[in-house]
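Below you'll find the structures, each written out as structure tokens.
After this come two complexes, each holding subunit A, first together with subunit B and then together with subunit C.
Our next item is the complex of A and B:
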């Protein structure tokens, strides 16, 4: 019972922080709301029996990506101080597109009998994940490392000063 | 209570909020933040399906997705910095004028 309440509070808090990522007027606040959302998701991963992925989420996302985002905000700063306007262009058409998508997906989820029949099993330990990465998914794993290198070189070439 | 539909619904709500953010934000970094919401919703789906049947494969795919998203953020921010250097402004409407 206590776990159910905790899960509901967690889900609600995740949605609230996601909402403020999109709604906050100050871009820096948006970045910190995103950090809150990512940490909440990490806790949900623990609830889903995936502690390894939860730790990756905290290290890589809330540690790495949020820092990169703050760098991006501060590098593209025109005024001093920490109030950076983050304008939005709200329109009924855009809300309808997003809302219709969400409602369709929710309808699909709650009317599919196969999903209701699913029961929790084990998620797999870090041990199993490592064996899969260096076994069955070896080639995608290596391709991913090449992609990371390419992305890194691409970012340096794009962002360097001089004859870009 | 451990029903997969709760987690899938949460992911859909996060994705919808992210889609609305991508459509309405005018600041390039704001759009990148919304894209992070989308990627996070997808990861949540992968982990949920991993827990409800697929096993460790779900987490393997989620880790692939995390690495792809991080690469995308790096390149995206490099483009934002480049945009700022050429235009002194990162509002995307001005950037679309540039392409004409």
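Our next item is the complex of A and C:
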């Protein structure tokens, strides 16, 4: 019961912080809301007994993604002061696309039949996840790492085009 | 460990908090005394014996000081940034077993707030978050020195996290455990990592120690607050207790990083000859051993700080990416080979 209430509060707070990621007028605040949202997701993982996933979420997403976003914010816009306006405001086209996406999501959620409660097939420990990655799911796992490597090389090539 | 996790969290958590906060405050007095001795001065002498009450007077002074917020600062971020560094560092301390004992031939951790079975990852995750408050403060101050310092802090934090993870992987691979208690228990049984893995263990320890220094922004890695270049770094615009919190967090970070390095590489609270003693005696001795090792590392960090020069920003990046990252990869690879060949 207590765990359910905690989970509901966590989920609500995650949705609130996700809302402020897009609703912030100052992009820098949006980035910090995103950090809060990703951290919340990690806490939800802990509440669901998946501490390994939670730690990885913090290291990869909260730590990594946010740091890259900070660099993005700082390097792309050149202006003075602490406020970076969100350029996506007052744009009917973007609002339409976002609205359509939201409607599709709502439709998908409403038409999905209620799922039965499931028990996890593994305990979610690092040990078991590691064995699955390097056993049953070896090929998808390695294919993903090659994909990420290709993405990284692509980013370096694009970023250093001018240097040559 | 007290069986009830809530009670354990309250009692042990309270004790760890009290000890760390007191030591963090005393560390500032100790550093002043120590640096004074290195430079042929006497340091603090007025308040209390050897001036030991100075940090408490400093704290009282800082709380009373006027709290200024610059006119063009981002008020919200400026206000909340100082709350995070101390909180994050104290969170790190939650998974460190500060003592231990033998029971049924297995080493158990004691005096720890939570025995998380992915404790090492937890430590790495929280250390990775340490750049956030620095960046937040640097940006919100709307001051060019603060911003430059924040840029340096993010660049340094992101870069040195990688060799730090690689160094932490060496004890993890050797012991096959992801929890800090598990790594220490393995070391109690098979020998400390620094000695058990010849050369590789010692090099990994040095790497972990160096990268911890970088994460805690201590010399020779303290370019985010290089006072000769950046005035006061990210805390340039902060006054009173807010700047005090940033300064306290650095002492605490150095202390906790020393404790983590002790647990990962120096066997934590384990010392030979404990088996067979009554449990309470083992806990007391291992608690003393843990703090002895931790404080020895802590002293060496400040020894380096007061006798070494500061690297330039680009030299720091070069050191990390040209030498520490490839070196770390080599250490991980050789540990993996040694483990799979059954040498460890």
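Quick note on the criterion: the second predicted complex is superposed on the first by the 124 of 164 C-alpha atoms of A that agree within 3 Å, B and C clash if a C-alpha of one lies under 4 Å from a C-alpha of the other, contacts with A are read in each partner's own complex, and residues count from 1 in each chain.
One rule holds for everything that comes next: contacts are C-beta pairs under 8 Å (C-beta built on N, C-alpha and C of every residue); 3 or more make two chains touch, one makes a residue touch a chain.
What you see is a predicted model, and the numbers here were worked out from it, not measured in a lab.
Shared-chain residue A:52: touches subunit B and subunit C both.
Here subunit B and subunit C are compared by how many residues of subunit A each touches, and B touches more. Of the two partner chains placed by the overlay, subunit B and subunit C both lie in contact with A:125.
In the superposed model, A:153 makes contact with neither subunit B nor subunit C.
Using the contact criterion defined above for the overlaid structures, shared-chain residue A:9 touches neither subunit B nor subunit C, since it reaches no partner.
In the superposed pair of complexes, A:32 makes contact with subunit C only, with no contact to subunit B. Touch criterion not met for A:134: it reaches neither subunit B nor subunit C. On subunit A, the surface patch touched by subunit B in one complex and by subunit C in the other comprises residues 52, 56, 64, 71, 125. Within the complex formed with subunit B, the subunit A residues making contact are 3-4, 7, 11, 14-15, 18-19, 21-22, 27, 30-31, 34, 37-38, 41, 44-45, 48-50, 52-53, 56-57, 60-61, 64-65, 68-69, 71-73, 75-76, 78, 85-91, 94-95, 97-99, 101-102, 105-106, 109-110, 115-116, 118-125, 128-129, 132-133, 137, 140, 144, 147-148, 151-152, 154-156, 158-159, 164. Residues of subunit C touching subunit A in their complex: 72-74, 76-77, 116-118, 121-122, 124-126, 128-129, 131-132, 135-136, 139-140, 142, 151, 154, 157-158, 161, 178. Every residue of subunit B that touches subunit A in the complex is listed here, in rising order: 1-10, 12-21, 23-30, 32-34, 36-37, 40, 43-44, 47-48, 50-53, 55-60, 62-64, 66-75, 77-82, 84-85, 88-91. By the touch criterion stated above, subunit A contacts subunit C in their complex at residues 26, 28-29, 32, 35, 51-52, 55-56, 58-59, 62-64, 66-67, 70-71, 74, 81-83, 125-126.
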